[in-house]
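This report concerns only the one structure given below.
Lettered A, B, C, D and E in written order, each chain numbered from 1.
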């Protein structure tokens, strides 16, 4: 018996993969091109996928259904529901923006055009698959689809010394985490005899004899996903990898890859193990508290700009896990997605400016001194993004997103977590504001990209400039009128 | 056959694999450790498949997928190892410290 | 409405003096004298309308909500307030005139004149206020003016210290006053004095409440009127300009306590406890004050202690219910003590020193001053026919009456006996000061050349006050203007007190003779240094109050720098240590990272496995 | 103990033993060869568990491809063929303890979960290539297709990573 | 009534700040522009206040629009007699600050950025006072933080870059932790009542079980207490003040601290009175400790600016005590003391700033003695401000303190009466200590023999900037009914709430 293929349901990742192959082929057959062409292909693929996503808006589709044993509800490997669609939109938009950020590197020959975009698109397709996967086999394969191309992306540079180290660290840690996840899946399978969401959930609810086994299996399954989102103690690779990777790739890892991980965690806890909420909810609560604290503390005195953002992304994972710790109900998932969307937008904004400035050789925060005065667009965009990340007005979108997370915690009865969050919001402010103050401060004479230095000044590539402007406009607009962002919650 | 036999074997293999990954310095050996871990998982999967007489063969199918993934990983991993080797003529993983967070913190 | 003008006009004058005083030399004196003069005229009008058996007049009330019992800003003028008003404005206008000459050439004159004007307005406000809070406003505004005026010579250490002491001590009392107002208002259901008095007279206030309220009010009164134990600020306030001492620290402000007590007497009468406390305070204070005055070397301190002592006389009278006696002595004391201070100022102006032993033989060179001051001393000592004789007689008469016929005989006996002893002492120190100033040899160590009589701007007011002190007795004997029944003359007590005065005068005069023109107080022997040092009271009080404050202060400083700050800083330090630790953990070792992952997974799994 | 069980214990022992030799050996090439032995023994285990198809894939992919790749890699990185004393890092004690904890924890967990349950593989054809093939393409089309993307991406990634020439 | 008034009060300064920061014109002209804008805001706010006084209790000028509909947040603003005076004080102090910037550029330049930040702080503070939606309130509450951080960190004490940064950060961190706790309280309210709207929440609050109400009140206490600051949470304040520039100190003391007390008033009285009654004695106790502690710390201060900062702790202690009585009197007293403290301490900080401009420092040693002789008008103003601050009747400070003690004399019947009598007595002790340190300070700097240099006396622009505060101080002291009347409406609202 062969499964019917619902092409419409898988159209979005298919678009991406098709675009990926096209980009690769174009690279092979059209010689001497700049980054523009594969980027255009990528954007086309992303646009097509977005169009499909939009078309799927009101329908919930399930495809690749398994033959059911007995009279149980049908288990499907691929479910495209509202939650998945939101993840898709976030991942796709972020992918498009990252594609634009990659253009300068490709144009300068720093990274190979076709392959770079191919890997990017494959990875993003994997992210979409994670969000729609409803059995553990598909989930783990989709996770690998996200991971493997990104290992390569991290190592893709003409001067690969640091990139190679970053890639190797990323690779080994990731593979170990995957192995642990597979072990966990095997335990779940062993305890329940199934890998599909519905069957596992049913079986988990009825069998009490093997609770420890299921519990341990669930925890181990979450390890790989925890690695993807970089929750403590699986965060160690993050700073080294982000610093060693090309900045746009770091942006990709911190947004798309993390989105995939969050989608995966959500699916696992909400779809597979609802009866184990008493296990995973406090566990995720502790993980959230520890993660946000560790991330913020580690970022506190950082001087390296990318490392600051790396640790800040770790800290934000803590916040992102809170709604799941609060119970993972529909409203909580909405809160999670809202925050993730906000985070994706402003974090990409921050990374895009850092990408533009790093291209000139700036690495330390102090190299950014006076950016607001010299190049207001860059400086203000970065400052605004950082304030949004900090969650303080004028970055109202960040503030309101934090409100939603707090609400989730309060409604979920984990007020203690809300208090930890309160301390962490303050802790985070310290380094975000230090960064912002550096941006605003008068810069040292002869600093990187001083106005007189025409070689460096104003050299923001159009594509990067577009990303910067787009994220800035987006976050400012959402700060003034945040309602659209929260439509997810309604 | 008691199901514990294969499970114990797989546990020991997995533990050995983790030890190899954690302790061995040579990057290729580390990759071997990863293989051991994945194979331990495969043994688990196959065992459970037999245990449940799974009509969907989920365990075996996943084991097959794991083998494929392991192969893909090893291919890409070796490419990265070679990249590391070429860029610095050493593939002892504990010598890869260039990206460590070493810059002195400003005095607060 | 005229009463309101008495308050408003000096304020206007103050504003003019402040704004224009530094531009034109004549603006400030003119503004000050004219505004106070106008206020005096107004208060004459008020007095004319309200003395005698005229009905009291009420302005207002103007209700201000507080969420609870409302404030009712209103003015109330009856015989008592009219006469007080008259006293205050009279002394004020005389002092303003006097000061024009006394402070000639002083660059700080404009602010001085303005402050005196503000003070006059505040005093007027206290006198005419019908709401306790409005009264409090004037009460404390007077205190502030007093503070600023004491420190007029702010380059002098003792002026600065005296000002601080005066202000802080009176404010300490004022806190009690404030709480007393709360209790009284709460008990009476209104903060209006008339309502409170009404409630007290009609039995609307319980004994306990009355005791609590009056004891608290007494704190403020004691503070303001420099009674034991809050008396020591008044002698220390003497570094202020002498006209200020005359106005504020003799005639008016310090008497405000007496006024308030008289005003609320029905309330106080409800509490025997308070009245006993008051009598004891008054007895202690009048005795102590007189003794200090006998030993003091500084002319102004003599007068200050004398003021303390005489104020206690008034309280003594009130403590046995002698309303009219107390008020009469207040009025008469206002006149003769102002006279004494102004005359003393004239002397100091001429001699350039305040020390009694640097004066002497001034009789011939300053005839007007000598004559007027003699009147003043006579009134103080209680010699007939001067006003002091009559008012003291009224006090002692009431005391005698109460001692023999009243129902609070212990209190009355205390007042009577101590009062007579103080009569002796008063006569003694008055005579001593008079002799030391105007008789005997001129001291050779006086820096100035030949002292000469003061200008008319100064001696004019002296004459006016001397006349009042001389003829005022007439008014005292017929106190109908206060709306009370005429006092019969107390022949018995008058005789005894005349005897007492004679003893006092004789003591000083004989010692003066015996010591050949030297200080008669040497006769006191070993007691004298102790009294001159004011029995160490002040030092003891200061150390008793200040050392706990210092200890508390040090504790607070220590807690800020050793507890709060380290903890606050410790959070930062802890965070930066945590930061270093975390960064040390992430040392770039791949296998450490892997170990963390595996270990983390195992740990969580073990926890979950065990929990399940 | 049945024959199957006996065989399984033997093969499992070989697999674990040679894995331990991989973990402690001082000669890189020997380690790789011990890995071959371990994985081969494991393939035998698969056979005993009626996973015929998986066993052959194991032999083909691992023994045929992966280990060869590893050997190539050793060669390309000019790994010494002799004994290398410092193949194990300083992390060994922590690593060993963690590994023992992991293994012990797993065994305890399995023992608690399954106790004395037994596998009965007689009379089933679950592991035959035809059966696996039909479920693979009947029920697992989606992950299979996704896997093709993974493999393609890994291929391209491996190529592109190793193609970059420039050194710094 | 037009409902755009409040929107304009918030939007004008905010837009002005944007313009002042963004428009490429000369800095000086933009400061003038900001000043003009602020004048408009001031006028508007006074008009609104008068209108509110006329219209009695309840919210006026209500503005209601959709904002973040999906989470139930609406843009609702309203002004009542509790918030109206604070809005005016905010507008007034901002105006004064801008006047002081017109002629005196900061040492490190950037007067137009500073003006923009002042406007932003004004917008945020006014917004906080008029917000009727919990989240809108929270957003505005947070809006002032970043500008204030920059004001302190970039324009602060020029001798101590590290210290001013640390002080600014400490201020920010403490406040943010506090405000996050406030947010938790808001969300608890929301989860219990299903609305973020202040009036709706207040209506439905009886549904909340008592323990939960107490928890909410306690969270609000800690959260707003950090901002006020209530005693043990005060540790950020002295540093923040002593490192801040004059403008920063004025706004910090005059406006920002009020956000905390206003928050407590608004939410304790209007929203969770029943819960607040349980925790109120703690607030009262801490407030009194703050009064005495602040006064003792002032006595020991060798630095005038720090002394004024510590005096703020004492004054805020009075406000805290007033709030804790949970009576209409308490509300009136707190509101009055808020306004009076804003004017008086604003004036004091301006004066200290003036001294700092002239002498380069604010320690007693730097200032030297004998200011009465060296700069008579400045010294006289200082003496007047000191008198006002120590609560001399006839000046504004008195009424706040008097009403506070009066409220403590008869607190809410549900509160322990004897405890409050003790608190009242201790507050009275604090009054004496306050008198002590202010007269000692006057003695130390105004009196005595100075070094003989002559300082420039109060300049005309300084007169312009300071005169309104002097006028308010004297005016409210002489005619307290101006405030008491307007707040009466609020008090009746509160008593309605309390009696429910």
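Operating definition for what follows: a contact is a pair of C-beta atoms (placed from the backbone, for glycine too) under 8 Å apart; a residue touches a chain by one contact, two chains touch by 3 or more.
Keep in mind it's a predicted model, so treat the numbers as computed, not measured.
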Request  = Indicate the lowest number of steps between subunit A and subunit C, counting one step per move to a touching chain.
outcome  = 1
Note = Taking the mean of all protein C-alpha atoms as the centre, the chain whose own C-alpha mean lies closest is E
Query = Most remote chain relative to subunit B, going by C-alpha centroids?
reply = C
Chain pair whose interface holds the most contacting C-beta pairs = B-D
Query = Between subunit B and subunit D, what is the gap in Å from one C-alpha centre to the other?
reply = 9
Task = Compute the distance, rounded to whole Å, between the mean C-alpha positions of subunit A and subunit E.
result = 43
Inquiry  = Using Cα averages as centroids, what's the distance between subunit C and subunit E in whole Å?
reply    = 36
Inquiry  = I'd like the Å distance between the centres of subunit B and subunit C, where a centre is the mean of that chain's Cα atoms.
reply    = 93
Task = Quick one: which residues in subunit A touch 2 or more of the other chains?
result = 66-67, 137, 141, 144, 148, 151-152, 155, 160-161, 167-169, 172, 176, 180, 183, 187, 190, 212, 216, 239-240, 301, 427, 430
Query = Considering subunit E alone, which of its residues make contact with at least two other chains?
reply = none
Query = subunit D: which residues touch two or more other chains?
reply = 89, 91, 94-95, 98-99, 102, 105-106, 109-110, 112, 114, 139-140, 143, 147, 150, 154, 157-159, 161, 164, 167-168
Note = Every touching pair of chains is listed here as A-B, A-C, A-D, A-E, B-C, B-D, C-D, C-E
Note = Per the touch rule, the subunit E residues reaching subunit A in their complex are 66-71, 73, 124, 135, 138-140, 142-143, 145-146, 149-150, 153-154, 165, 169, 172-174, 176-177, 180-181, 183-184, 187-188, 190-191
Note = Per the touch rule above, subunit B residues touching subunit A in the complex are 14, 17-18, 21, 27, 30, 34, 37-38, 40-41, 44-45, 47-48, 51-52, 54-56, 58-59, 61-62, 65-66, 69, 72-73, 76-77, 79-81, 83-84, 87-88, 93, 96, 98-101, 103, 105-106, 108
Query = What residues on subunit D touch subunit A, complex-wise?
reply = 105-106, 109-110, 112-114, 137-143, 146-147, 149-150, 152-154, 156-161, 163-164, 166-168
Query = Any idea which subunit A residues touch subunit C in the complex?
reply = 168-169, 172-173, 176-177, 180, 211-212, 215-216, 218-220, 223, 227, 232-234, 236-237, 239-240, 279, 283, 294, 297-298, 300-301, 427, 430
Key: subunit C residues within the subunit A interface of the complex   = 575-576, 578-580, 582-583, 585-586, 588, 590, 592-594, 596-601, 604-605, 608-609, 611-612
